[in-house]
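I've put the structures underneath this note.
Two complexes follow with chain A in common, the first pairing it with chain B and the second with chain C.
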Partner chain A sequence: MAPLASAELSEKERPPRVNLQRYRWVRGAVVAWMTAVLAGAFLLKIPRINILEHTARNLYFHVPMWFAMMAAFVVAGYHAAGFLRSGRRARDVRAFEAARVGTLFGGVGIVTGMVWARFTWYQSSGLWWNFDPKQTMAAAQLLIFGAYFVLRSALAGQPEKRGRISAVYLLFAVAVMPFLLYVLPRQMQSLHPGAEGNPAFSEITHPIMRVVFYPSVIGFIGLFWVLYTQRVRAAALEIRQGMMRRA
Partner chain B sequence: MNWLAGAWAVFKKDLRLELRSRYALSTLLLFVLAVTLVVLFGIGDAPLTGEVETTLLWVVVLFAAALGLGRAFVYEEEQGTVLLLRLHTRPSMVYAGKLLFNTLLVGALTLVTAGAFWLMLGLEVGAPGLLLAVLALGALGLAGATTLLGALLARAGTGGGALLTVLLFPLLTPLLVSVVSASQKALAGVAFAAAREELLTLVGFAGVTITASVLLFDYVWEE
Partner chain C sequence: MTIHVLRPQQQADTTSTAYDSVWAGEEAGAGASTQQQPPQQSALERTMLAQDKIYVVLAVVLLVWLGVAALLFRTDRRLAALERRMDDTK
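Our next item is the complex of A and B:
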């Protein structure tokens, strides 16, 4: 792309810039890392437990989705706060893209959880959804993201106002989120580990599962980072293109 | 102007305007009564568990609040009094005044709805003190979140309507869950100590939403 007049733009208007070299380096590292994680997840031997059987491997995919979604939410909140302080468009773009990618991970988290629960917890009942507190709260969390996108589309065409108002909503949601994901699910009866003060992992969890699980969490957060950076780059190009067309 | 006096003045202005027309109050009370009547008539003689009763109660209150509380700021925009307020007061004073007014409004709403339910369903309230505490805390948390979002939408120029409901409800899930479970315990007549977790969550929720609102309100209010 031609070095458009972006140097003439004010600091506030400038689209986000991504360090391409670092992006490529992280992408390569994530690809290699995730390949190893996937191989470990499917090939390593795990103890066979009745009913759970091989579905236990879903631990490596279902749970890291929530870590990745939380990371996305934190990044989105960080950039929303940055936008309120500086008013720079680049920060608003970053907050929005992080929320978008976070929604993707949240959606996959819900689906992997539904499938897992269908064939273990509700094995004989054939239920897809049973209002487990964590499940419900995660769905509410996704609705918050949805509301954020609706709010943004209601303010299309007023970028400054849209950025400010949606940033306030996002930060407000950040304040409420701990209740959704941590306080309430732990007070209520739930089949999820971590309910009623249980530890999330117990001493009966096989050590080999930890060996794959923790790298998987890191890998999916890395994957979030790659997708997010990619989206930010695409958004920046779109903004530049729009400017060129206008010029 | 000192802070308390400013907040109090905003509250008094809203209260006086409301008492002059009684628009918000009468609309909301009629809404609540109509919905309660329709819902309970639809249910008929079917026996309800405490869970269903309390959930219905709070869903009615939640919808009434989502419909009515957005008005506080939309009104200022419509009348063109925003600039005047912005000139004479600091943002936090406006927020505090409006929060007080909205809390009062939701409080009245909850009391009337609970009263209607009590009358029509013949509820037996085991622990009236606990129920009152739960209603008050629920109203406070509800008003805390709704006041900020109402201001947000009024600034966005899309005040009230379905959008407020969409923005509000997922954020209020924790409040709804705790308040329903605490009201259920109050109906069953347990001691305060047995509902400690719910009460603490409600206090925490109100505290968190109001603190976040105070911090964020400046950005909504100032141009």
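Our next item is the complex of A and C:
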């Protein structure tokens, strides 16, 4: 990117800048990596377990949504803290876009979980939602982030104030995440694995599934990074356009 | 002298036997039955219909993924064009 008009701008006003070379490299790697993960997810033989059957493969898709969401929210919190320290608009933009893409992954995680549970846990009951502790806490987490977006839009007219207040709120929202997603669900009876003190997998998870699961987590976090960076680029363009109009 | 069992009329019974080539193909693909195989089955069908047709799902998912990835690349090109135009005007 050539030096922009914003070079004359103060450090704090400058729009975010993206390292395009790194972005393109990661994007290519993510596309190739995820294609391999998808192939592995369907081609590798897994043990057939009663009730689960082939839906056990959802482990490769549903669970990484949450990992991607958590990674996104940690990135958002990191930039929120950075904004409070430096007051740079670029950090505010990054925090917001990371939270946005993270919320997308969380929403997809909730919906995929509902579909999965409907045809396994709640197969005969016909339920889509039964307030399993982890479901409930994940929904609460998404609502907390939903409030972040409401807060931002409520302060739309005052960018200074909006940046500061929403960054403080975002830090709170990220800070409660480990408790909502890890600590509390494990204190209660839950159908999700982990409630018995098992850190991650059920004892019925076949080792071969980890071969796909971990790369899938990495791939989806990479996909988050690509989508987030793309949005940051678009936001930077909007800011520059606004500056041109003012000039 | 051998007594041949009288086989039921295939065309009349559509509930217990395969009447559709696709279903017969699935059985053949899984290597279950060679009795009621349709005469011709392409290599593609033999591959895609095996393993409870999971390869069909894989094909669909890969197509969806490639479509999304293509959109990602196209959006990037649009962003790059805009970035270039803005760099030029200033």
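Keep this in mind: the second predicted complex is superposed on the first by the 238 of 247 C-alpha atoms of A that agree within 3 Å, B and C clash if a C-alpha of one lies under 4 Å from a C-alpha of the other, contacts with A are read in each partner's own complex, and residues count from 1 in each chain.
In this section, contacts are C-beta pairs under 8 Å (C-beta built on N, C-alpha and C of every residue); 3 or more make two chains touch, one makes a residue touch a chain.
Because the structure is predicted, anything quoted here is derived from the model rather than measured.
Chemist: Mind checking chain B and chain C on superposed chain A, clash or fit?
Modeler: fit
Chemist: Please work out whether A:22 is in contact with chain B alone, chain C alone, both, or neither, and reply first, second, both or neither.
Modeler: Touch partners of A:22: none, neither chain B nor chain C.
Chemist: Please tell me which partner, chain B or chain C, touches more residues of chain A.
Modeler: B
Chemist: Once the two structures are overlaid on A, work out the angle chain B-chain A-chain C from the Cα centres, in steps of 10 degrees.
Modeler: 140
Chemist: Classify the contacts of A:244 with the two partner chains as first (chain B alone), second (chain C alone), both, or neither.
Modeler: second
Chemist: Give one of first, second, both or neither to describe whether A:184 is in contact with chain B, with chain C, with both, or with none.
Modeler: It touches chain B, and chain C stays clear.
Chemist: Touching A:35, do we find chain B (first), chain C (second), both, or neither?
Modeler: second
Chemist: Figure out whether A:43 sits in contact with chain B (first) or chain C (second), or with both, or with neither.
Modeler: second
Chemist: Just the number, please: smallest Cα separation between chain B and chain C in the overlaid arrangement, in Å.
Modeler: Nearest C-alpha atoms of the two chains are 33 Å apart.
Chemist: Considering only the contact definition stated at the top, list the common interface residues of chain A for chain B and chain C.
Modeler: Shared contact residues on chain A: none.
Chemist: Of all residues in chain B, which touch chain A in the complex?
Modeler: Residues 145, 148-149, 152, 155-156, 158, 163, 166-167, 169-171, 173-174, 177-178, 197-198, 201, 204-205, 208-209, 211-213, 216, 219-220.
Chemist: List the residues on chain A that touch chain B in their complex, please.
Modeler: Spelled out, the residues of chain A in touch with chain B are 84, 133, 136-137, 140-141, 143-144, 146-147, 150-151, 154-155, 161, 164-165, 167-169, 171-173, 175-176, 179-180, 183-184, 187-188.
Chemist: In the complex formed with chain C, which residues of chain A make contact?
Modeler: 1-2, 4-5, 20, 24, 27, 31, 34-35, 38-39, 42-43, 54, 226-227, 230, 233-234, 237, 240-241, 244
Chemist: Residue numbers of chain C touching chain A in their complex, please.
Modeler: 52, 54-55, 57-58, 61-62, 65-66, 69, 72-73, 75-76, 79-80, 82-83, 86-87, 89-90
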